[in-house]
Structures are given as C-alpha cells and as structure tokens.
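Below, each structure is written out as structure tokens.
Presented sequentially are two complexes of subunit A, the first with subunit B as partner and the second with subunit C.
Up next, the complex of A and B:
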C-alpha cells in the first residue's frame, strides 16, 4: 500500500518523463485541496497504473514461458493419450495404453535404471573426490586460483566436444587410452570400453565424472569460503588436528552446499542425453539408453510421438517424485531453524 | 592467524607443539602439490591431447597414439580454418547465443523488477510460476516443442526458432537469481529517487538498471554458456547450413571418422574461442552457480 500512495506526492512534481497515465493523475490530484482526500480519490487510477506497469514488466517473460514451455508440456500430455505418428489429426485415442506400453518396454525400464545408476554413481564419485580436492585446495597456495581455473575447464566445454574427444581417446586398440594401458601390460576390452555392453555405462559415468567434477570442486570451494575463519582458529587453539577440523567443523558447515549440489547433480543426471548420444547413441544393445535418449529416438527416428510423449511425462513424474523426496528428506534439514543457521543469518543481516 | 602467534614472545610447550604441527602441514604440502598435479593432468590431459592431436598426421596418430607431434603439422588446422562450413557454424552458434542472451537478460530483468520491488497480491504466485519452471527441463517437452516450432510457428531451421525456446527455458533460473539481487538494493535509493521526482519506471531505467549490471552479466553469461553448448534442441531443429558448432563437431566426427587428426583440429578450434570467453567470465559463471546453490 505504501507503494500505491507514495508516488502521489512525486507525480505532482514529476517531470514529463513519467509519461501518459502520470499526466491524468496529476490533473486529478492537483485541484483537490487536502492531500489525504486527493490520495483517497486517486488511489484507484494509481492502482491501475501500477497494475499496468506490472503487466508491462512481467508479461513478456510470462508469454515466452507460456508459448514455449507451458503449451508444449500440455501438448506432451495430450499426445501421450493418442496413437499418433506425426501426421493427420489426433484421432486414435488410446488413453493410458501408451504409458502401459512404455512401462512394459524393457528398453525404457532399463533406461530408467541407467538414469538411477548415473545419479547414484555421480554422487558417490564426485562427492568424496570433489570434497577431497576442495579441502586440499582450501588453503593459502600461490597457485590456488590457477588450479581452480584448470579444474573448471571440462565444465565449460560442451558435452558434445568433451564427448567427441573422449570418443577418440577410448577407441579400441589404437585409441590413446588403450595404448597407455597396453604399455602397462593391461589389455583393454576387445570391443572397446564403449562397445562392451557390461562396461559402456560405467565408461559413460567415468567421462561424466571427469566433465562435472570441476563444478563440484568450485561450488564446494565457494562454500568453504563461507566458513568463518575464527572457527578454525578456535579449533586450532584447542589443539584439534587438521583432519578433526575438517570432520567436525568444515564438513558440517558445508552441509547446505553439499545438499544443494546433490540436488543439481540429480536433476542433471535425470536429463542426461548429449553425452550418451555422442559416446554410444544409447548402445551397445541399449546398454546406455537413458530416458531422454529413449524418447528422442522414439520421437525422431521412429515417429512414435505418442510413445515419446508418454515417456517424457513419465520422465517428468520421476523427476518430480525424486525432487520432492529429496526436498522432504534431505533439503528439509536446511530449512529447519537450528542455532548455527539463525546465527549466521543474523550476522548477514 | 600465524601473525598473532608470532607476535607472542614467550613459547609455552603447547605453542611449540602447535608450531611443529604447522610445520608438519607444510611438509604435507608436497603431497598436496602432488595430488594437485595429478588432478591437473587428468583434467587437462584429454583436452591437450585433442589440441596436440590436431598438429599431428593420421599416420603419426596411428603409429604412436600417445606421442607428441613430430614434426608439427599445420595442415589440419589450416584445413578447418579454410572450411567455410566451420565459419558458418560459428556464426550460427554466435547469433543464436547472442539472441538468447539478449532476450533472457531483457525479459528476465523486466520480470524480476516488479517481483522484487512492487507489493501486489499476485506477486508470490507469479514468482512461483518461475520457480516451478525450474522443474521442467526442455527434454520433457522436446517432441511437442519440435512440432510447435517447425509446423505451427514455421520457425524450424532458423536462429529465432532455437533462441526463443532456449530463452524461455533459461528464464526461470534468471528470474530466480535476479530477484534477490534486486531486493537487496536499499529501499532508501528508491525513496530518494521518488523524492527527486522519478516515477517507478524512471527509477527502473536510471537507477536500477545501472546498479544491477553485475547481476545481469551473471545471468547473461549463464544464458550464453547454455546456448553455446546446447545440443538437443539444435539437433532437432537445425539442418544443413543452419547447424551450430556442437552439431558441426558431432557430424564432422562421424562423417570423417577415418581422419582422426582432422576431427581433433575441428574440435579444438570449436572449443578454443569458447574456452577463452568462459575462462575470462569464470567469476561470473561461478557467482551465478553459487547463487543458485545458496538458493
């Protein structure tokens, strides 16, 4: 309400810059004698002007989201109920049959499992390694910023470029990776790391770890800067060892950063497409298919738009369920007020 | 903290012990540097191998995959630089990323402004629209999006056809980052501006926009990175001369799979300009990502 009334005073004296509606307000408010009465009478136009301003500012973004996000999502739900090959009108209504077919398709259920393996594997690998590197780098070192930059390099490369380079490195026999291994006396798999169904998913996971470890390190390091140095000093005076300090002070205080990073990592793993498409195309024998690669190949290669749409709705529901459970069981700790956090918030304010 | 210890003249046994511990940690620095070196090697190894591979011939690569260029050949890189397709892809990538960035930054700051600094009934519900938007990745809507753009809007194979949906999917993150940023600008500024006769729109143009430069650069860089690296949407929407660099790299590597050195040169040239830009903007990217993590 303060906003609605306060400009009253200013418009009366405002330069013409304020535009059309401002003029009419001025005309109305100046003849009225007492300011409170004027304020009362002009509240409505001022309110309308404010609403117009809000509409003007917010609508471009909302329009873009409505056209390119909301409409396609509603369409996806609609398509998922029809047997549709991409031409002609939507007539062959099949209800939930597409969902039954997708969930009964072993390629899709395997894809879902692959996504879950990537989620678990990414966190299980990147959390300890990233945390270890961040803790090691979190000290006064001359080359710290250089190291941070270097670790960040794979993250800024596109998945496509990283994937193409790794695809060459991992070529069976004559790729550099197998060459180095054979010099060490280890024979790489005959079909190559990406060509052997039992190894392909783990190889993809390893490349993803290489690509995204830098993000984890950077975020953890940023979180570490937020741990007040007095705590370290106090612990050191109390005779705590380096390891004790990390375990009892640093890691607990880093909790919110770690948990939010885990959330981002999970959402990213659920959408995994680019790297798989470049490295294996989902093969060999669907060993690395993800939900996203499944729906893209159903939609674009086979023109099974109904099936692809049902798969995308399932992907969304899985993401939503995981996001809500993560929120409930893991992130909830951050929103619960405990002494440490309220104290820190007060210190910030 | 070492300064406070050093200024104390008398050394108690406990302090001596502590000093020893600090020395011990310094000894541990060798280990730290060793680990750091290993991390650097693993991180940069593949990238450097690709760049150096572009300076070798296919014969060299076949003979000794793990070797260095001997002699250095420039033909691969020269070949890519003379390839008009490469420049066309680079132009497409640049234009799409620039359009995406401009749309995201302009629409994002506009939407964030009333959501941060006006009080009105629908404020939180509208903000929730953006927060919920974070939950919808483009992947989920990709097939209908493809149909919408190619058939209904007739924007298939155009810069705008890729840039606008990319902007739409980047907007939620942008607004979520910018709103707290705008909220943090002190209320006194707005009051002072009003006293000086500025309208809310005048305040937006003359005070808020200049002050939110850093926030806009952050979201702009994030949008640019996202667009420059995007693969799925361009893959479905762009063909032939309209392809972007990631599509070009992927297609080149599958079409010229026998020419490994050429693939390395093409890939290296595709990543170098982006790499320089992103490393220069590193601080901004990190700030934006941190902002999203702190929530």
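Up next, the complex of A and C:
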C-alpha cells in the first residue's frame, strides 16, 4: 500500500519524471503487440504517420515558443552589444562594454543583493509560517475551509491591486497603519515605512510574505493529503505524540513538496518586479531596486536599451544558474524514487 | 482537456497570425494614401478626457471638412501610455503622422534617427510668431516641431496657510524661502510637498537652482557641449542641499508620488495639508482632479516664481519650464504638416486657451485664457528674458535619468553636490 502511494507523491513533485517512463513503456509495448508477419511494412507508414501527427500538433506550440521566447532572447543578446536608444538603426557596436557598465554599477550589484535577500527572506519567513499554518489547517475543525480560503485570498488578488492597497495602508501620517500606531502611542518612522531606506526592503518583504503565504500553505496542504493515514495510525498506536508525528512523519514526507515550493519561491523572488514597482519604484535611494526594476528603468525611463538588454541577459544567466544548481543539488533526490523509499522506511521505523 | 489545450493553441496561433497580418497592414498604410484617393493621417494626443478630448475631436472633424479627401485618425491616450506607445512605435518604425514632442535632447535623438520631419520652410509663418518660444524644438537653425503649449514652473502656494503662519508676502530670495518654511513649521504646518518618489519633482529644485546660479551662456554651453564643469552646477547642488537640511518637506516625501491620489504631492497641496509645492503650469488642472469639489485650492491658490539666489549669475526672471509641440514624422503625408499648422492657428489656439488646456503659444490666443492663475503665468512666461527647458528633456532621457537619480539620492541624504555633477557628466560622456 505504501509503495503504491509513495511514487505518486514523489512524481507529483517532478512531472517530467512521471511522463518519461510511461511514454517509453508505451512505445515498447506497441510494436510487440503487432503481428510479426508484414510488421515492417505496416509499421513504417504508421510510424511516419504518427510522427507527422506529432509534428502537426506540436508545431503551433513550437512556433509560439520560437516567436515569443527564442527570438526575444536572441534579440536581447543582440541589443546588449549595442549602444542603442530604442529607435533608429543598430549601429553603435560596443561589444561587452554594456556588461561591464552594468556589473560595475553599484545600483545593479545592490539590486542583485536585494534579490538574494528577498530569496532568503521569503524562504526563511514563509517556510516556518506556512508549514505551521498548513499543519494547523490540516486538523479537522469546523471552519477549516473558510480559514483556507482566507489564507489563500491574498494570492488570488492581482499583484497590482494588492500593491496599491498596501501602498495606501503604509502612507506616512495619513495611512491606516500609522494612524493605528499613533493611537497606540507609537510613532511610525518619520519618512514612512516605504520612505525610509533602511526599512523599505523589509517592508516590501513583509508585504510579499503576506501575498505569497497562501500559495505556500495550499501547496503544503496538498502535500499533506499525500501522506498516508496508515502511518499516523501506526504512530499513534506506538504512542507517538502529535509533535513527534509531525516531526518524524509529516515533515519528512512533505520534503518533495517543500523543495518544489522552494524552487518556485526562488524563481519568483529573482524575477520580482511588480510589487516593488508599485510600492517604491525601486526607491528610496535605490534601497529596494531589484534586477528587473533596474532593467525596466534603464530601458523605458532612460532609453538605455543596450544597458537594459545587458542587465536582462545577466538576470537570465543568474536565474538559469540558480535554477540548474537547485535542480542538481536539491530537486534531484526527488526524481530518484529508490532513495526516497529507503528514507520512508526509515521514517516509518 | 486535450482538446481544450489544442483549441487554445490554435487560438494563440490565429492570434499570432492576425498580429503579424495587422503589423504588415499598418506598414502598408504608412504611405497614407489609400486606393480610393483619401489620405489618412494618424494623430496621437494626450487630452484623453472631458472637454479637451471632445475639443480635439471637433478640431479633427473641422479639418476634415475643410480638406477634401483627408481623414484624421485621432487616438487620445493617457500621457504615460502615450509615451510608452510612442517609444514602441519608433522602434517598429511605425510612428503616427502627428505626435507630441517635448523638445531638447529627446527631439535631437529622434532627428538623428531620421524620425522627425523638418518643418522650417513649410511652417515659416508659425515659426515667425512663435519666436523664442520655438527655441526648444530647433536644431542647427531648423525647426522640427511647433510648440502649442509652453509654461514655466514655480511655487503654487496656499494663501490662507501663508497668512496663518504670518507670512505677508511671497519669498523673493532663497533665504526668504527657507525662512518662510521655518515660520510655517512653527505654525504647525508642513511647508512644502514634493513627489520625490517620482524623482523628477525633486530634480526640478536642482534644475531651477542651476538656472539661478548659471548665466544664460553657461547653460547654453552646457547643453551644447554636454559639459557640467562650470562651478555653478556644483553651487546649485549646495543650495538645494541647504534647503533639504532645513527639513521643509512633507513627512514621507521620499516615497511620495508627484500627482497620483490625494496623498501625492499635488494632492497634499490641493487638500490644504501643506503650504506650497514647486510645480509646472499643469498644476491647477491636476489639483482640480484631486479634490472632491473639483476646484483644487480654489480661492486660496497663489503662485510665486522660484526665488532669486544671492550671488547667482542667472537672471532672476528667467524661467525653467517645458512644453508640448506637434511634430510630424518623416514619411508622413503633406496633409499632416497642414494639420499641424492648423493646430497652431488663431482659431484652434483660442479654443485651446478657453478650455484652459494649457498656455497657448500663439499670441492671438493670449487673452482667451479664462483661468486667472494661468493667465498670470502667461505674463511671467512672456516677460522672461529666456526660457530653459527642463534639464531631463533638454539633455535627453539618458543624461536626465542619471541626473534625476543622483538628485533623488541627495534628497535621501545619500549624495552631495559634487556627485550630482559627476553622475551627470559620466552619463554625458557616454553620449559624446
């Protein structure tokens, strides 16, 4: 029973792994099912027909990928080699100078640090809080579904709407936040939460946590559904406390879900733009600039499209390197079901 | 499920094809003349609501009636949207026939890329009556766009709050300005609102200080040679720093937006939360939109020019400001040039002035302005010995952006007068 469930849990975390074996098995079984006589003659046209069919149905998707992903990426690399204002011909070739300028720009390197802070901060805040809420919400109670909805609502809200609402709440002096604080006799920061360079990034991080906690909770709850109840029953019979069950059974079995969520969170933090743009625009004093907000303001506000393109290529490379190393070092274990099984056995014991 | 995905893909494919097809169609339409002999000119403007929008539709209809076979395709857009779309249109080489130009370095870049038509000969009459006012849209003796609205920046203030703080007359010098903010603070009033979150409102202080510190020649040389080595630019930074150190701005000014919402810099002034704000001629219109009764500050509204700075080389009556001009893109039909000339005609400019849509540049429309505050601004503008375009327009987006960013840092206490000059010069050197 456990063995039947376990692969499903792991595969759910990495869809490519579940698609792989299934497909190859089918390929193997089809030819063997055909009659041996005249097999070669019938198989070839059938195979070709099938290939054509695949080509036909895949080509729109491939075309879309080519037009909307491949071409823009190539264009961005091309633009990054030129000094270009966004119009007129590409003539002023500068090679890698734009990259040197971007990497030598303190605003950009600070932005990279801000991105890393957001990555670390998001995980450090949302993981324990999200896990705690998910474990609580997983217990049977009367208003369970209502609570789940409430937690998930911020995630459903459009980022821009949430940003504008928070911007108004956090207004210095006249905002709801400062009004309540002053009623309690506490004086908010003079420049406001978003206007004080030392506080702005943390304020943005707090708003992001509020916004994305719902996603973490929902994912963790889904993961919790995959933990077989037999394990709980067995543990209870053995006299394990609620805490012991969570620590020794639930959290280890939630591993693949947590790792997948961590991946999504990391990529989201790297590409962070909209919330920052609305709350602070990257300010005050560049305290909240992210790589994405840097490249947008270089491109659209200053018309330094070459610089913006170089920054976007660097962002792409940073994201790619982080994503691949995360896949290699953290997610890889989830696509090796054997390791997981032995671990699970250990967990059971 | 599968068929749904397929459906979506086919739809997406169809959308792509349609997009490509319309892209091609738009290219074909560039010539402007269709098979049946009608000439279509496309016109983008930013008067996207109320009377202004209706007025421009009427102007286009009148022009069509007077010119047989000409059709004007009007697109009214929100200002920022228009700028973004214009950038995209220039990139794709599919710019509208008639569009808005803010002059200075922006225009110079468009001209260098061959996007903007030379109007010097075709519009010689208009250029003659525009006189000095067309200066911001001229390059090497050629005029590329005709300004239809031009105005300077200055301090908009609340007369009632000034009275409450015991300030009898508007500050004439920079020191008097700082003294006035002190009096306002003593009376428990936040003296100045500033949308430093948007950066350019903060930058306007530095620009104006530079206009007061630098001689007319020094400014002209700086724009022409992209050179900031004159000491007056450093002095401007020191003046602004002195003002910042006296802490006259609204709480949270570093993240305050310029014009959006009641807690923006304009909103704070309109609702009587602060006593003054440095802003352009658009301010009465903006404030009207930010108050419930639609009157802005109403009776309490007052205006005074940026004060003189002691020891400065600039003329204290000189104005910093900006304006909007109609430009014709290269390759547009001749009717587009006629249309722009029509836009500058006595009749159209008078209608424009009557609706308080801006400060008209045609002298014949001068007395048509109905708002007294705007009318007084007209006087100031026309009596100014010279008119300096906002630096971010004048030097172009790239240098202007670097300059504005560094000035915003000064307001946050993270830069100094020398660094502003250095950052501007660095950006300028890359343009040379």
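Note that the second predicted complex is superposed on the first by the 284 of 349 C-alpha atoms of A that agree within 3 Å, B and C clash if a C-alpha of one lies under 4 Å from a C-alpha of the other, contacts with A are read in each partner's own complex, and residues count from 1 in each chain.
Simple rule for what comes next: a residue touches a chain if its C-beta (ideal position, glycine included) is under 8 Å from a C-beta of that chain, and two chains touch if they have at least 3 such contacts.
These numbers come from a predicted model, not from an experiment.
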Notebook entry, point to check: If you stack the two complexes on chain A, which partner ends up touching A:168: first (subunit B), second (subunit C), both, or neither?
Noted result: both
Next item on the list: Could you say whether A:112 touches subunit B, subunit C, both of them, or neither, answering first, second, both or neither?
Entry: neither
Check: Once the shared chain is lined up, is A:131 touching subunit B (first), subunit C (second), both, or neither of them?
Finding: neither
Margin query: For A:276, using the defined touch cut-off, is the partner it touches subunit B, subunit C, both, or neither? Pick first, second, both or neither.
Written below: neither
Margin query: A:60 in the overlay: touching subunit B, subunit C, both, or neither? Say first, second, both or neither.
Written below: both
Next item on the list: Would you check which partner chain A:197 touches, where first means subunit B only, second means subunit C only, and both and neither mean what they say?
Entry: second
Notebook entry, point to check: Does the superposition put A:222 against subunit B (first), subunit C (second), both, or neither?
Noted result: first
Note to self: Tell me the contact category for A:81 with respect to subunit B and subunit C: first, second, both or neither.
What the structure shows: neither
Note to self: Quick check for you: in the superposed arrangement, does A:300 touch first (subunit B), second (subunit C), both or neither?
What the structure shows: both
Checklist line | Residues of subunit A touched, compared between subunit B and subunit C (which is higher) | finding: B
Note to self: Considering only the contact definition stated at the top, list the common interface residues of subunit A for subunit B and subunit C.
What the structure shows: 57, 60-61, 64, 67, 86, 168, 174-175, 300
Check: For the complex, which residues does subunit A have touching subunit C?
Finding: 57, 60-61, 63-64, 67, 83, 85-89, 107, 168, 171-175, 190-192, 194-197, 200, 280-281, 283-286, 297-298, 300-304
Notebook entry, point to check: Can you list the residues on subunit A that touch subunit B in the complex?
Noted result: 1-3, 6-7, 9-11, 13-15, 17-19, 22, 50-51, 53-54, 56-58, 60-62, 64-65, 67-69, 71-73, 75-76, 79, 86, 133, 136-137, 139, 141, 143, 147, 149-154, 156-169, 174-176, 179-180, 183, 210, 213-215, 218-219, 222-223, 229, 232-233, 236, 239, 241-242, 256-257, 260-261, 264, 267, 271, 273-274, 277-278, 292, 295-296, 299-300, 305, 308-309, 312-313, 315-316, 319-320, 323
Next item on the list: Note which residues of subunit B are touching subunit A in the complex, please.
Entry: 1, 14, 17-18, 21, 25, 32, 35-36, 39-40, 42-44, 46-47, 49-50, 53, 62, 64-66, 103, 106-108, 110-111, 113-115, 118-120, 126, 129-130, 133, 135-137, 139-148, 164-165, 167-169, 171-172, 175, 191, 194-195, 197-202, 204, 225, 228-232, 235-236, 246-247, 249-250, 253, 260, 263-264, 267, 270-271, 274-275, 278-279, 282, 285-286, 289-290, 292-295
Notebook entry, point to check: Across the complex, what residues on subunit C touch subunit A?
Noted result: 6, 9-10, 12-13, 16, 84, 87, 90-91, 109-110, 112-115, 196-199, 251-256, 261, 263, 273, 396-398, 400-402, 405, 408-409, 412-414, 430
